[in-house]
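Before I ask anything, let me first share the structure, which is written out below as structure tokens.
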Amino acid sequence: MKLTLLYFASLRERLECPMERVEMTVPTENVAGIVAQLRRRGGIWDEAFAPGRAWRISVNQRMGTLDSPVAEGDEIAFFPPVTGG
Amino acid sequence: MKLTLLYFASLRERLECPMERVEMTVPTENVAGIVAQLRRRGGIWDEAFAPGRAWRISVNQRMGTLDSPVAEGDEIAFFPPVTGG
Amino acid sequence: MPRARVQAEAFDAGIEIAALGEGRRDVGAVATFIGYVRDRNDGTGVSRMTLEHYPGMTERALEDICDEALGRWDLLDLRVVHRVGVLEPGDPIVLVAVSSAHRGEAFAACEFVMDYLKTQAPFWKKEETSEGSRWVDARSSDDDAAARWEAGKAP
Amino acid sequence: MPRARVQAEAFDAGIEIAALGEGRRDVGAVATFIGYVRDRNDGTGVSRMTLEHYPGMTERALEDICDEALGRWDLLDLRVVHRVGVLEPGDPIVLVAVSSAHRGEAFAACEFVMDYLKTQAPFWKKEETSEGSRWVDARSSDDDAAARWEAGKAP
């Protein structure tokens, strides 16, 4: 399953990555599966996505959660709590 | 005791009087005494100030009540509930 | 420019709002309300409206309402402009603009000023309709709105 | 002009407000909020701010918030404009303007849109201060403000 992953704000700076296209190496039904794969990269990736960290998720440009389903071609974004307005 | 009396909006139209200077003929401590004297004029004056009619009072340009004290030279106004804004 | 004004002329919302931020960098929030003449009221078409007021008391009442708002919330500044005379549907009647560091205060104070103005400031509307002219009746909903701000009932 | 816009350029509050009343005579009330960059935040001087956003999702999130407001209140129209890029103290960041027949709806919907935007629209602020640059932390008070509008809790 191919996905587009986006990172914003402090998370983008920390991971030094605004965007990447990934191929899931194990079957994944929801965002939690993607996060598990990212954490397996170790180092800063493991740290940034550790439980308890305040980051948010969107799936195809709508707010989501770790339980949100994902499918081929989806655009998943990770970012800190928003601070506009 | 000399007073200036003002009337506004529908009350002004009804009484056909925007303003008058009056001399109180009996000692008066509060607005109720003025109203009593106005009602003694009879006719439309008695009707307009009958109890139960919705009109408001100001004394020297601040909202008042029938109990508001009055003194020589005061400016007393009578008007319907306000409808600006 | 006084913070409360009564005038026949139209006002420019952009200019009033800009005046609140003029030369300052501590304003985080400006809440603004503008009321307009509508072409219908209580189911009847309105072609024109005349706003009568009590010169002298009006300005004082608006100033008192501003003082009350400044006492209740942590505000930076505020403006109230109310028109009088003959107005037509689509014309602006009243503007209230409130600046503060944060939005909660600005919103609350702006709504408070409008609610108090509606029940405390001596303005009266007379409408011209297809059925003749009529004085607008005060609404009990406006009394209810103003009563929300009494001690212990603030929304 | 779309009702929700994200742009680098400054906006003109007077023009945005006027657009809501353009050619119509049924508007009785317009409530407007404008947020500005302040020169201090959490006790530190702020010299500049950069607003990052998520292109595509931002516009969609703002449209969703507008739809939600239109579903909750009897509104005539609304506008949301949010700036991105580099801003300085005193610069306007965001404008929300809501028109309706009566003021209660306009005030409530305007505050609702701001509260939801603060927690749902993907914008992030980075401040430049005397101590270096820092990402602004989300405020729990903004979560609380948004939570007020959940079912059964509307103010």
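Residue numbering begins at 1 within each chain, and the chains themselves are lettered A, B, C and D in the order written.
Following the convention adopted for this analysis, a contact is a pair of C-beta atoms (placed from the backbone, for glycine too) under 8 Å apart; a residue touches a chain by one contact, two chains touch by 3 or more.
Note that the coordinates shown come from a computational prediction; the quantities given were computed from them, not determined experimentally.
Shared contact partners of chain A and chain D do not exist in this assembly. Each chain's centre was taken as the mean of its CA atoms, and the one lying most distant from chain C is A. Averaged C-alpha coordinates give centres for chain A and chain C that are 48 Å from one another. Averaged C-alpha coordinates give centres for chain C and chain D that are 22 Å from one another.
The distance from the centre of chain B to the centre of chain C, with each centre set as the mean of the Cα atoms, comes to 26 Å.
Annotation for chain D: residues touching 2 or more other chains are 35, 114. Looking at chain B, no residue sits in touch with two or more other chains.
Of all possible chain pairings, those that touch are A-D, B-C, C-D. Looking at the complex, you find that chain D touches chain A at residues 35, 51-54, 56-57, 60-61, 64, 82, 93-94, 114, 117-126, 135-138, 142. The touching residues of chain B, when paired with chain C in their complex, are 6, 8-10, 54, 58, 61-63, 77, 79-85. By the touch criterion given at the top, residues 12-15, 17-18, 21, 24-40, 89-90, 101, 103-104, 106-107, 110-111, 114, 145, 155 of chain C touch chain D in their complex.
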